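Look at the two complexes coming up: chain A is in both, with chain B in one and chain C in the other.
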Partner chain A sequence: MPKDELKAGFRLVGTRPNRPDGLDKVTGRARYGADIVAANMLHAAVVRSPYAHARIKKIDASRALALEGVKAVVTRADFPTGLTGEDWNLQENTIAGDTALYDGHAVAAVAATSALVAQDAARLIEVEYEVLPHVTDVDAAMAPDAPVIRAGNADHSVPEGMHPNVVRYIDFGHGDIEAGFAAADLVREGTYKTEATHQGYIEPHACLGQLGADGRGEMWVCTQGHWYIRRMCAAVLGIEAANLRVTPSEIGGGFGGKTTIFMEPLALALSRKAGGRPVKLVMSRAEVLRATGPTASASMDVKIGMKKDGTITAGQVNFRMQGGAFFGMSPIAEALPCAFACYDIPNLMHEGYEVLANRPKAAAYRAPGSPMAAFAVESLLDEMCRELSLDPLQVRLKNAAKEGTKSSYGPTYNRIGLVETLEATMAHPNLSAPLGPNQGRGVAAGFWFNHGGETSVSLQIGEDGTVGVSVGTPDIGGSRASIALMVAETLGIEYEAVRVNVVETGSLGVNEPTHGSRATFASGKAAVEAAESAIKQMCARAAAEWGIDPEAVEWVDGAARPAGENAGKFPPLTIGEIGAKMGGTGGPISGHHESVPGGVGASFGVHVVDVEVDPETGKSTVLRYLVVQDAGRAIHPAYVEGQYQGGAAQGIGWALNEEYIYGADGRLQNPMFLDYRIPVASDLPMIDTVIVEVPNPGHPYGVRGVGETGIAPPLAAVANAVAAASGARLRTLPLSPPKVLAAIKAGQ
Partner chain B sequence: MRYHAVGSFDEAVRISASATGVTRFLAGGTDVLVQLRAGIVQPDDIIDIKHVPGVKDITRRADGGWDIGAAVSGVELGAHAALCRDWPGVVEGMRLVGSTQVQGRATLTGNLCNGSPAADSVPGLMAAGATVSVTGPEGARVMAVADIPKSPGKTNLKPGEVITRVHLPPRGANGGDSYLRFIPRTEMDIAVVGCAVNLRIDGDTITEATVALGAVAPTVMLVPAAGAALVGSTLDDAALDALVIAARAACRPISDKRGTAEFRIEVAGVLARRAASIAYARAKGETA
Partner chain C sequence: MIKVHLWSGLRRLAGGAEAVTVQAATVGQMFDAMIAAHPGLEPVIKAGVSVVIDGEVTAGGRNLAVKPENEIYLIQRVKGG
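And now, the complex of A and B:
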C-alpha cells in the first residue's frame, strides 16, 4: 500500500513527523534510569545465590558492615512478614527468605558511599547455604521424581495425583474433538519445545529510592508502569501507596520485562535503614539475565486434523510451561487462547499446565505465550500443507477467522483484519522472489489480543494555545508522538504545539503500565476524550464572550466559531486567544478522562521469511523478511513499521540462537550478551513491512495496538523456512547450527 | 589497584618484575578492562604500554618481512595496504575481532597474550610462522607465536616478560594465506572453530603449507599433518579430503554452550577446506 493512502483523509494522523524524544536521545540529554542522581546518594549492590536451589542457613554481614563507607545491609529480616498471594511472591523474589530458589536470587543487599565500596562489601557478606536438589526443565519438573520446589502452591484446578510442582491447570474448547479428527483426511501431531528467552532491552534495570522512617518516600525508576512499581513496593515494604511517589525515567526498552518489580524495594529498604539517604541501584547485564524475568520455556503437544482441500476440522493442544519458581508467572493462560486464534475451527480442545522450576520469576515478554503457541501450531500446519501439497497461505486464508467468527477462546470477533492481511501478503513481491540452492521460504501467522486497562489522562490548554498532555503510560514505542498527533488532529492545531509528558504517580489516577500494546490505544483514546472535553469548555468560553448559547458554537481548525448563520456573526476565537484570556474568563482550561476503555481490537500478522542454510555447518542466514500486519490505523507509520521490525528481529533471535542455557548444576551458563546471542545488526536484512489498515471501530482513530503481534509468527516462519531450505524439520528451538547440522546429517 | 603509564619496555619490565600481586599489561584493554569490570580479574598493577615510543609502528624490514608494534590496533593493521597485500589472512583474523569500536583498540599482542584458544588472530599468525620479540627481567629473546599459548588463559611468557613486537616473515613469491572462523552470528561472537591456512605454490603445485586450528583444543595449534596433506598437490579433491581428515583428527575439543565437540570437529574440516581454497586462489594472484 502506498504510504500516503494511509492518511485516509486526516490532516496529521498517518504522517511521520520527527519524534519528540529523538533529539534528547541522540544527544545524550535523555535521562534514563541510571542517569538519575541525588545529593547524598548511596550506591547499592546485591548478594545473589550461586545455587539453583539452596537453604539459606546463615547470613553474616559483620565484615561488610565494618568496611569504611558501608551504611546499611538488608536481608529478608528487614521486610514485613505475613504477605500472601502475589504480594508474597514479589517479596520472596525481591529477597529470598529461607530458600534461594534460582541461580541469581537476591539474598542480601548493601548500600555504601560508592558503587565500588558497595561491591566490595557485597563480597564480604558471608552466606552459608545447604544445597538442595534442583530442576530447571519443564518436563523434568513434572516428573514423579522431581525435587519439590515449594509444596502447597497448586491451586484447585490441578488434577489430583500430579507432582506438587504443577500449580495450574487450564482446559477449554468447543465442538466435538473426536468427531473433528474423524472428519479429517490427514491427522498429524507433534511435540515442540521452546527455550526461555530474555527481552534483552538495552537498558538494565535502574532506580534511585528514598524512604524515611515516617514511611514516606520517592522513587525514580526505569519502568513501563510506575503505579505498578508503587503498589508492589508498598506491598513488599508494608508502606502506604500514596506515601510513595514514583517518577518514571526515559526507558531504554522493556518489551514487558519492566512491568513488575525486581530490585526496587531493596533500594527503598536500604534507604530506610540508612537514615533516609537516597540509594541508587543499577543492575549489571549479568544480573538482568540471571535475576529479572525472561519468558517461560515451553513443551507443547499439538494435533491437527485437515481435509485434503486444507479445511481444518479439529485442533488440540497440550502445553506445559514453566515461569520460574513462582505461581502464576508462566503465560499459559495466554498461550492457549493464542494457539488457534487465527482460525475458524469447529472442534477445538486446549489443555495447559503451569509448572514451577528453579529459574528466575518470568515476566511478560511481547505477546506473552503467543510466540510459543504459534511455533507449535504454525509449524505443524506447515508440515501438513507440505504433505498435502497445499499452498500454506491459501490454507490459512481458507480457515481464517473473520468478523463474526467464534474465536478459539470463546468471544465472537468484531471487525478484524486477518483476511486482508493474508491477501496483502500474497500480493507482495517477496512471494515471487526466486530461491537458490539451500534456500527456502517459510510463512506463519500470529495473533495478539491487545489490551485496554486502567487509564487516566489530563490535558492542559496553555496561555499561548499550546497544549500539554499528561499521560501515565511510559513511552516505549512512540506513544508520545502518536498521542500528540491524535490530540493535535482533534484540536485542529499543529503537532508541534502539543507536548506529551509521562508524569509521576502524584499527577494522575492509577494507570496500568504500557503493556498489552495499549498506550496508543488507551492513553490515546483517553487523550482524545480529554481534548474533546477541553474543546467543550473552550466553546463555552467563546459562547460567553459572544453572549450566545454554547450549543451554538462549533470547534473547527483550532478555533471556536458560531455554528451556522443563526448563531450570529463573530470572528473565530482561536485556541491561542482563548488560552491568553482564560484567567479572566473562568480560570484554567483542562480536559480530563479516565476509564478502562472497551473496544479493544485484536490484531493479526503474517510473516514470510527466506532463509539460506549452509548444509556443511547448519548456519542459517535470513535473506529476506516480510511482516504484514493489521494496525487498525497507523497513527505514526514509521513507529508502526519500527514495531513490526522489532518484533520480527526479536522473534528471529528466539528462533535461531537465543536461549537460556543451564548447566547440570542449575546455574545459568550464558548471563552475558557474548553467549546470550541476540541478533546483531549485520545478522538481519532490512525487514520489509506492509501496514494493513482495517480500522478498529472501538477507537476514535481506529487504533488496534501494534507492539506485540509482530513477535508471534517469526519462530514458526523461520523454522518452516529452515525446513524448506535444508529438509531438516526442527521442533525444538533454537535452531542453532549444531542442532541444524545434526538434523541435516540424520536426514541424509 | 595501581595504574602505570610507562615510557619504555624496560620500565614496564622493572615494574612487573617487582610486582607481587596480580599484574596485567594494558595494550588495547579490550580483554583486561572487560575482565576487570566483570570481576573476573582484579589486577593490583596495570601497566599501560601504549605510550612506549614505536608501539604503534608498522615497518617493513630489509628482508621484506614486517615488524608490528605491540599496540597497533586492528583498524591500523587493516588500513596498511602493503601489509594487507602480503598477509591478508593474518589481517583478516585480526579484523574479525569484536566490532568497529573494539577494532579501534584491540591488538595482535593482546589477542595472543590473553591466551584464548578461540583467539581469532592467532591461527593466522601461527600459520604465517610469525615470531615475537620478548623483553624480560632476564633480557630479550625471540619466540615463535606457536610457542606462546600454554593452556586456556595461560602463556609461556615468564613472569615480568612483555612482548615488544610481532614479526612476520617475508611473504616471498606465490604465497597466500587465509583465515575463516565459524560463529552462529555475523559478528560479536567467539569463534566456535577457527582455521588458518598459509601456503606457497610453484605453478599449480603446492610446495609449502601450514594449517592452524583455533577453538578445537586447549590452545590454538599448528596441525602439521594437515599442511602435509596439501604439499605436492594441486589442491585436488584427494588432497582436500586428506586435509579434512587430518584437520578433524587433530581436534580435541570440548562440548560447551558454544557448540558440541562433534560439531566443532565436523566444522574444522569444512573450514580447513574452504580456507585452503581461498589461500590457494590468493597464491595464484586471484582475488579471493
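And now, the complex of A and C:
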C-alpha cells in the first residue's frame, strides 16, 4: 500500500495516554524476577571458574552437603548427555563439562534453606583445576600460535588453513570492487576496534524454578521470551517442553541479553534433586557481567572510495568478531549487511570471520553487530568528508539508499525513510547551534532490519464490553500501551477499556521473544487481526438479533450498525450490549491470531552530537544530542521517544566509557558498575528526538519497529564529534579520558 | 521457475553461480530443489538461513509462496536483540 493510502488522522493511535504499568512500577507493586516467592522455597548459589580456561579434574561437594540447611548440589553429571548443536552449547554454558571455558563459567550449584547458607556452601565445594592457556582478544585468537579453545567447531565456510578458533566465514558483495576504487578520487582505509560491552539492564537475571521427579515443573523468570526459556530448559534438562510452564515477570531491561538462558536450568535441576522444592536463583551484578552474554568485541578493516563530489564509488570491509567460546554467538552475520546498508554503492565487498575466545557466551545486544559496523564505516566516511571539505550530511543524502535501491546485502529496498530522516535532521535547529572552543559536532547514520517472528495473540470480549488481550511478548518498551491503543482504535472503544496481559506459556501458541524490534509490530498486527475477528463475530450476533444477513452489518465507533438503509432500521448494538448478552446468544466472543507476520519494514536513523573535550584531562562532555529516526508510525510517541533516547544513552556509554577489561590472567577486571561505567543521568544532556513517519505498508497502522536502530549511530557520531572537537581521531573504543588525552598530546 | 540469489559463500557450494534457478511454488519446495541440484547446500540451508522476498527479510517458513516475479535472496540468518 503506498504511503499516502495508509489511514491518517487516528482517534487514538499517535496519542500519549498513561502507561498501564506506570502505577505498579512507581509504587513497587510490579513483580520482577527476584520478587517471586513460593512456600518451602530454597535458595541457590553457583560455583564459578576463577580461570579463563581450565580442565576440571575433580569436584568434591562433601563438605557443602554436610552443612546444615543444604538440600542439593548439582554438577554436569546431573544433566543428560548426548546433546548436539546449539542445545549442547546451551547446556555447556549452563554448567561446564570437562573444561571451564571462561572466567565465571558455572561448574556447580547448590540449593539451601537460605541464600546465606547457599553462598557458604558454594565456598565449601572444592574444585580441582588444571589451568590451560587462554586467549581473549579476537585478533590474538586467530594468530597461528593461539591456544585452541575447542577444535572441530568450524563450519563448512572456513577456508582451509585457518586457525581452529575461526569457526565461520562469510563473504558477499556486488559490482567490481577494484574498478570502484579506481573510479574514486580519494581512497582511504582504516582499522577500527570495539570492546565487548554489556547490555547493562538494571535488573539482574532471576528465576524461581520447580521440577518434580515426574518431569513436570514450573518457572517464574525475568526474560524477553518465555517460550525460548521453556524450549531451552527442556532441551538442557531432557524433559518435555509441554511439561514446563513458564511465566514471565515484569522485566527491568533486556536489550537482547534476556533472549536466552544462562542459569535457569540450574534452578530446575536443583529443585528436582531437592525433591521438587522450588528453588530461587538470583544473580549478583558481578555474575551478570562475568557469566551472561555481553556483545562481541570486534576488529574491523574498512576501505572506501569517494569522488570529489562525495559520490561513494566502492566500499570494502573485513570484520573479525568473537562471541565467546561457543559457535554462532558473534553478530558477524548481522554486522556485515548493516555496514553499508544506508547507502547506494555500486561496488561492495564484505568479508567476516567469527572467532572463538575465552569469554562468556555472547548474547544479542540491541541491533546486534550494527553499532560496531556503523562505528567503522561512519567514522571513515567522516574522515573522508573532512579531507574533501564536504558536508557529512549532504554526502550521506547524496548516497542515501531509497525505495528501489539494491541494498548492500543484495535485495532491493521497499519503501524506506532514510532520505526523509536525513532531510529532517538537516532542518533541525541543533545543526545551527554555535560551537565554542574545544567543541565539535559529529553525525552518523544507522540501520536495522526489524523482525516479524512467530506470534500468537488472543482477545476476549468481556460481559461489560471491556476487552482483554493476551500476548506472549514481554513488555520491555511499552508494547502493552501500544497494543491497547491499536486494539481500541480498531474496535472503536476507549484505550482504558482494553487491558493487555503478558501471559504464560500454557495460554497461547508459541511466541518468539520480544526481540528484533518486533513486539509492537508483530503482536500489534496479530492483535489487530484478532480484533477484526471479534468484530465479525459481534456483527454476526447483531445480525442474528435483527434477523438480517451478517454481511448487512457494519462495525462503526464501537457498535454494530445496519450497513445502509436497505439493511433495515435498528438501533446500534454497542460492544457492551453485545458482551452483556453473549452468554445467551452463542457463548463467549473472542478473537485470536497466529502467524509469522510478513510486511516487516526496515528502519534508519541519523544522530547528531555536540561534545566538548577538556584538553587538560581528555574528558568528553556531551553538550547536545539529537536522534532522528523513521518509526513508520509512532503508536505511542512518548514510548518511541524513550526508545530513541535509550538507544542513544547506551551508545554514548559504549562510545565513551564502557568496556570489558580482561587482565593478563584472562579474568574480567571490572565486574561491577563502579568500574564498568554505564552513563548516569548527570553524564547526559536531554536527548532531543524527531520522529519521522514513513509508514510501513506491511502493517495496518504503519509500524516499523523502533527498539534497535537507535543504538547503531551513536558510537560513530560521538567519535566523529570528539575528533572534530580535539583533532584526535581515535579508532578504538571506548574514548576514555586517558586515551583521548594521549591522542591529543600525540598530535601536538 | 524462480531465481534464487546466493551470497558468495553459498556460490562455492552451487557450482560458482551467483543465482540458481529452480521449479518451486513455496520456500520449502525451493529449498528441496536447491538441495537436489546442489547437495553441498544442504547443511547450510538446514542450519538456517533468512529468505528475503521482494526486499522483506523472512524466517523462511516452508509454506511461504514464491513466484517467478519475486526477487529472492538467501542471506545468513539474522537475529535481533
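The rule is simple: the second predicted complex is superposed on the first by the 740 of 748 C-alpha atoms of A that agree within 3 Å, B and C clash if a C-alpha of one lies under 4 Å from a C-alpha of the other, contacts with A are read in each partner's own complex, and residues count from 1 in each chain.
As a convention for this text, a residue touches a chain if its C-beta (ideal position, glycine included) is under 8 Å from a C-beta of that chain, and two chains touch if they have at least 3 such contacts.
In this text, all values refer to a predicted model and were calculated from it rather than measured experimentally.
Undergrad: As a test of reading the superposition: which chain, chain B or chain C, is in touch with more residues of chain A?
TA: The partner that reaches more residues of chain A in the superposed model: C.
Undergrad: Which holds for A:S114: it touches chain B only (first), chain C only (second), both, or neither?
TA: In the superposition, A:S114 contacts neither chain B nor chain C.
Undergrad: Contacts for A:P738 in the overlay, against chain B (first) and chain C (second): which applies, first, second, both or neither?
TA: After superposing on A, A:P738 lies in contact with chain B but is clear of chain C.
Undergrad: Of the partners chain B and chain C, which touch A:T81 in the superposed model: first, second, both, neither?
TA: neither
Undergrad: Per the contact definition in the header, classify A:A333: touching chain B only (first), chain C only (second), both, or neither.
TA: A:A333 sits against chain C, while chain B stays out of touch.
Undergrad: Tell me the contact category for A:N40 with respect to chain B and chain C: first, second, both or neither.
TA: Neither partner.
Undergrad: Does the superposition put A:N18 against chain B (first), chain C (second), both, or neither?
TA: Touch status of A:N18: no partner.
Undergrad: Identify the partner contact of A:V680: answer first if only chain B is touched, second if only chain C is, both if each is, neither if none is.
TA: first
Undergrad: Which residues of chain A touch chain B in the complex?
TA: 119, 286, 616-619, 656-657, 661, 669-670, 672-675, 677, 679-680, 682-683, 736-738, 741-742
Undergrad: Touching residues of chain A toward chain C in the complex: what are they?
TA: Residues 155-157, 169-173, 199, 255-257, 259, 331, 333-334, 336-337, 364-368, 407, 409-414, 448-454, 515-518, 596, 598-600, 698, 707-708 of chain A touch chain C in their complex.
Undergrad: In the complex formed with chain A, which residues of chain B make contact?
TA: Counting only chain B, the residues touching chain A are 38-39, 182, 184-190, 192, 256-260, 262-263, 266-267, 270.
Undergrad: Would you mind writing out the residues of chain C in touch with chain A in their complex?
TA: The touching residues are 5, 7-9, 13, 40, 43-44, 47, 52, 54-59, 61, 64, 71, 73, 75-81.
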